[in-house]
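Paired with subunit B in one complex and with subunit C in the other, subunit A is shared by the two complexes that follow.
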Partner chain A sequence: MDITRFISTHRKLLLVGVSLLIILGFLATLPLYGGVYYTRLLTTILMYVILSVSWAMFSGSTGYMSLAPAVFFGVGIYTMGFLQRILPFPVIIPIGGLLSFIVALPVGLVTLRLKGIYFAIFTFGLVVFMREVVAALESDLFGRVGQHINPLPDETMFYAMLVIAVATLLAIYFIRRSRLGLAMLSIGGNEEAAAHMGVNTIRVKVLTFAISAFFMGLAGVIMAPMKIYIDPRIAFSPIYSFMPILMAVFGGMGQFYGPVAGAIIFAYLEKTLRAQFPQYFMLGFGIILVLIILFLPNGIAGLVSKLQNKLGGVIAKLGKEGEAE
Partner chain B sequence: MSELPRLIVSGILSGGIYGLLAMGLSLQYGVARVLNIAHGELVMVGAMLTWFLFTSFNINPLVAAAIIGPPLFAIGFLLQITLFRGLKAWAPSQAAFEGNALLASFGLLYIISYLGLLEFGAYPRRYDWLNYVVTFAGMSLRLNRIVAFAVAVAIGVAVYLFLTRSRLGRAIRATAEDPATAGLMGVNVNMVLALCFGLGALLAGVAGSLISMINPVGTTMGFRNTVIALIVVVLGGLGSIPGSFIAGIIIGIVSSLVTGFWQPVYVVPVYFGILMVLLLARPAGILGKK
Partner chain C sequence: MRILEGQGVNKYFGGLAAVSNMAFHIDQGEIVGLIGPNGAGKTTLFNLISAALPLSSGEIRFRGRKLNGLKPHQICKMGVSRTFQETKIFGNMPVSQNVLVGAFFGSPNRVPAEDAAREVTQALEFVGLSAMRATPVKDLTLVNQKRVEVARALATKPELLLLDELMAGLNPTEISESMKLVTRIRDTGITILMVEHVVKAIMGICERIMVLHHGEKIADGTCREIAANKTVIDVYLGEGAHAGS
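On to the complex of A and B.
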C-alpha cells in the first residue's frame, strides 16, 4: 500500500482526524487530572455544544427560528426528575430524548401554518406554557412544586455528556451532508421551490425538528443531576432557548464548526464571569449579545472566512509581485 | 352567578391597560418590524419610576407618567436610530433582520432588567393612591382602577386619532404598508421608524405608571408584561391598533374569569392555550389582514 501517497492526497483529512483524536483523548482523560471545577465546566460546555449545534441544524438551515430549545431541554430535565428513583441513569437518557422527540412532532407540524416571526412567537410561548403546565401538574400530582435530584458523581455526568456530545456531533455532521441536510437548506432558500423540486417539505421539517429536539432532551437528562434541585422555573428557563441561539449566531451558522466554537467560547465566558461577577453577569451578557448581533452578524466563522479572503488576496498579490520581479 | 358581571367589569378595567401595553409593541412591530421582547422591561422602568416619584416627591402618578414619557420616548428613538437601523443595514434579508432584532431585544431585556435590579432591588413595592372603593351600578370597584382604565382608553383613542387623522400618522401608516414606496413619496422613513419606536417605548412607560397605581410593582415584573403584551398583540393582529385594544379587553376578561371561577395559577396556561390555538387558527389575528 502506498502510504506516502495516501498521506499526501488526504493531508487535510488526516490533519483534522488526528487533531480531533487528540482533543477527544484530552477530553476523555480530563477527570483524571482536571479536578471538580474543570470537569463540571466541561460538562456544561459540552451541554451547550449539543444545544447550539442541534438548534443550528434545524433553525440555521431551514430559517424557521425556533425559541423552543428550553422546552426540549426542560423535558429532559423533568424526565430525570420523575424517573430517577425508578430507573437507572443510562436508561433514562434515551427516554428523555424520545419524550422530547415526541413533544417536538406536533410542534414541528406547526411550521405548516406559521412562518417567520409567528413561529418564533409560538415557540417562545411554548416555553412559558410548558413551565406553567408542568408546575400545575406537579402541584396536582404531588402537592408541591419543585423536587430534589439525587446527585451523581461528576465523572459519570461528564462521560455521559461526552458520549452524547460526540454522538450528536457525528449524527448532525452526517445529516448536514445527507439528502436531508440538502433538503433543509433548500427549504431555507425557498420553500416553495424546494417543494416543486420534489422535496417532501413537511416530512423534512417535522423530522429534522424532532431530531434536534431529541438531542436537546438527552442533554437535559444528563444535566439534571448537576442542578440538585429543579422546579419548572429552573428547568424551562428561557435562557436555555436564547443561549444556544446566541452561541450559534456568535459562532456563525454557515459552517459546521461555527456553533461548536460559539458554544465553547460562550459557555466558558458564562461560567467564569458568573463566578467572578455574579451581580453584573447578566448585564454584561445583555451588552455582549447586542454587540455581537450588531457587529458580528455572521459570527466568528463569517469573520474567519472574511479574513481568509482578505489574507488570501494579500498573499496572492504578494505572490504576483514576486513573480513580476 | 351574581359574581359574573363584577368579574367582567373588573376584566374590562384591567383589559384597558393590557390594550395600552400591547399598542406600543404593535406599533414597534407593525412599523419598525422589531418584535421588542424588552417591551415589558420599559413597562417596569415606567412603573418603578412612578413609584419612586410618588413615594419620594409625592408626585401624582398621572403627572409622573407625563414626566417619565419624554425620556422613554428618547430612549426608544435612540435605540431605533442606533441599534435597529444598524441591524437593518447589515441584514441580508427581511427575515434575517427580524430574527436578529428579536435577539438584540432579548439582550436589551437583560440590560434593562439588571440595571433596574441594581437600582431598586428585587422586592415588590406598592403605594396607595385613590385606593378606595366606590359603588358604580351596584358594583363596588376601586377608584384607582377606574381612573387607570379611563386614562388608558383616552391615550388609546388619542394614538388612534393621531395615526388615522394627522399627516404624520398617515406617513407612519404608509411606511408600515410599504417602506420603499413611502420613501419615494417623500416620507423620511428613518425618522418615522424612530418616532414609532420612541412612541412604543413611551406607551410602555405610561402603561407601567398605570399598572403601578393598581398593583404592587417590582423589577421582575417585566417578563410577565412582555408575555401579556405578546399574547394581546397576536390576538389582535400584529400591527393593528384597534385590534390590540379589543384583544386587551378580551384577555382582561378571560384572566378575570379564570381567577374568579378557577384558580389564579391557571391564568398563564389559559393565556397560552388561547395564544397557541389562535396562532394556528388565525395567525394574522382577529382584526389582522391576511
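On to the complex of A and C.
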C-alpha cells in the first residue's frame, strides 16, 4: 500500500496512536528517572484512572449511580491482605478482580431493581456493610482487626498498575463500542423501551456492574502494599467511592477520555495541593466542583467538544469567505 | 389464522379492574383498532400483551404459545414489538443507533453487525428518516420521534406490531402520512394492533375494531358495525359519528 496515501487518509488515527505510544513510553520509563515521589504519584493517578473509567463505563452509560466502588476496591485490598503470604503478587491480582466480580453479581441482582436515588443509597450502605462484614470475618479468623501488608518495590506496584490500567482502558474502550455498550446506553436512554426492544436489561446491568467491579478489584490488590497497614476502615473508605465519581463528572462522561482526563487532573491536584495547602485544598476543590457542575455539566470533555465546534465553525466560515472572494 | 388470542384476561390495580375478563383475538395480516374512552384499559392491554405488566389471571397466547410469565425482551424476540403512547426514545443517541438497538437485540438469534446495519438502513428508508440518521433523536419533531419508534420496532422483525396512539398530537398531513405508513407496514406481512383516538384514522385503515369501556370489551366488529353500534356511540363516538362520517 502507498505509504503517503495511508498517512494522509488515517492522519488522525496515526496522530492519536503515535501520541499514545509516546505517553506510554514515557510512563514505562518513568521509574528510571522520576524517583520515588513521582513513581508513587503516578501509581496513585493510574489507580484513580482505573476506578473512574470503570465507574463511568457502568454508571455513566446506564444512569445507575453506583456508590459502591469502595466495596470492590476494598475487596481487592483485602484479597491482597489475606493472600499475600500464600500466593505470589501477580496471581493475587486476578483473584482480587474475580472476587470483586463475584461479590458484584448478587449485589447487582438485588440492587439493580432499584431506581435512581434508592440505588445510590443502597450501594452506599453496602460500603458500610462490607466494612463491618470484613471486620467480623477478620476478628473471627485471626482474633484481630487490621493487618500489615508486606511492602513491595515501588517499581513493581507501578508497573503492575500501568499494565492493569492499559488493559482496563483497552477493555472498556472496546466494551463501549460493542453491542454490550449499546445495550448499556439504551438502558440509560430509556430502560423500559430497551427491554421492549429485546434487551435483557437485568442481565446487561448485572454483567456490566460486575465487569466494572472486576477492574476496581484489580486496582485494589495492587494498591494494598502501598498502604503498609490496612484495616476495614482504611480499605473500605468511602473516599474510594466519591473520588472516582467526582473525577468522572469533572472530566465528563460523554467521551471515553473524559474520566481519564478527570482522574489525571484531579488526582494530581489532590496529591500536590494537599501537601501545600492542607487546610484549603478541600475547600478549593468543593468550589471547583460546584462551578463545573453548574457551568460545565458535561465536564472537561464537554468543554473541549464545545470549543472544537466553535473553532470548527469559525474555520469553516473563514474558508467559505475565502472561497467567495 | 389467529396470531394472538386472549382468554379471561384480568388485570387489577388494587381493587380496580383495569382489564376485566376479556377475550379477544387477532388474525394474521389484520389491522385491528383498539378504541375507547380514557381509562378504558387500552394501554393496560398493550402492557399485558408486551409483558410490561403481569396478568392477574387469564392467559394470552401468541401463535399458540402462552405468554404468561415471560419478560418484555422475550416477548420482543418472539416477534411482538411495540411503540409507546408517550414516546420512549433513547434521546441522546442518534436515530440510527436507536434503530440499531432493535436490530441487534430484537431477534432470537445473534444478528451479525452487517445484517443489523442493513436492517437499520431499510427501516429508516421505510419510515422516511434516512436523511436524519445521524441526528440525536431528542432534537427531532414529535412526528419524527414517533417514526423512530416505528423504525426501531420494525428492526426487531416483528410479526405483530402494537402501535400505541401513533397519531396523537400530529397534524392532519402527518396523520394521513402515518395512515399510509401503517398500511404499508401491514402490506409487508406484519399484523397490526393499534390504539388510536383519531377516529378518522381508525375508520380509514382498520379492518376490525375492538371497543373497550371500563376494562371490558363492549364491541368487536368491522368499522361499519362499530359506527352503527348504539352502545359504542353512547360511550365513545358520540352522535357525530353516527352518520358514518
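Brief remarks follow.
Keep this in mind: the second predicted complex is superposed on the first by the 307 of 325 C-alpha atoms of A that agree within 3 Å, B and C clash if a C-alpha of one lies under 4 Å from a C-alpha of the other, contacts with A are read in each partner's own complex, and residues count from 1 in each chain.
One rule holds in what follows: contacts are C-beta pairs under 8 Å (C-beta built on N, C-alpha and C of every residue); 3 or more make two chains touch, one makes a residue touch a chain.
Predicted model only: the values in this text are computed from it and were never measured.
Contacts of A:F26 after superposition: neither subunit B nor subunit C is touched.
In the overlay built on the shared chain, the residue A:L182 is in contact with subunit C alone; subunit B does not reach it.
Of the two partner chains, subunit B is the only one that A:Q279 touches; subunit C does not reach it. Touched residues of subunit A were counted for both subunit B and subunit C, and B has more of them. Of the two partner chains placed by the overlay, neither subunit B nor subunit C lies in contact with A:Y37. By the touch criterion defined above, A:Y229 lies against neither subunit B nor subunit C after alignment on the C-alpha atoms of chain A.
Residue contacts after overlaying the shared chain place A:F6 against neither subunit B nor subunit C.
In the superposition on chain A, A:H196 makes contact with subunit C only, while subunit B stays out of contact range. When both complexes are overlaid on chain A, the residue A:I245 reaches subunit B alone and has no touch with subunit C.
Within the complex, the subunit B residues that touch subunit A are 29, 35, 83, 86-87, 90-91, 95-96, 98-100, 102-104, 106-115, 118, 227, 230-231, 234, 238, 265-266, 268-269, 272-273, 275-276, 279-280, 283.
By the touch criterion stated above, subunit A contacts subunit B in their complex at residues 63, 65, 110, 113-114, 116-118, 120-122, 124-126, 128-129, 132-133, 135-136, 139, 242, 245-246, 249, 279-280, 282-283, 285-290, 293-294, 297.
Those residues of subunit C that touch subunit A in the complex are listed here as 50, 52, 71-73, 75-77, 81-82, 84, 88-93, 97-98, 100-102, 104-107, 152-153, 156. Residues 179, 182-183, 185-186, 189-190, 192-201 of subunit A are the ones touching subunit C in the complex.
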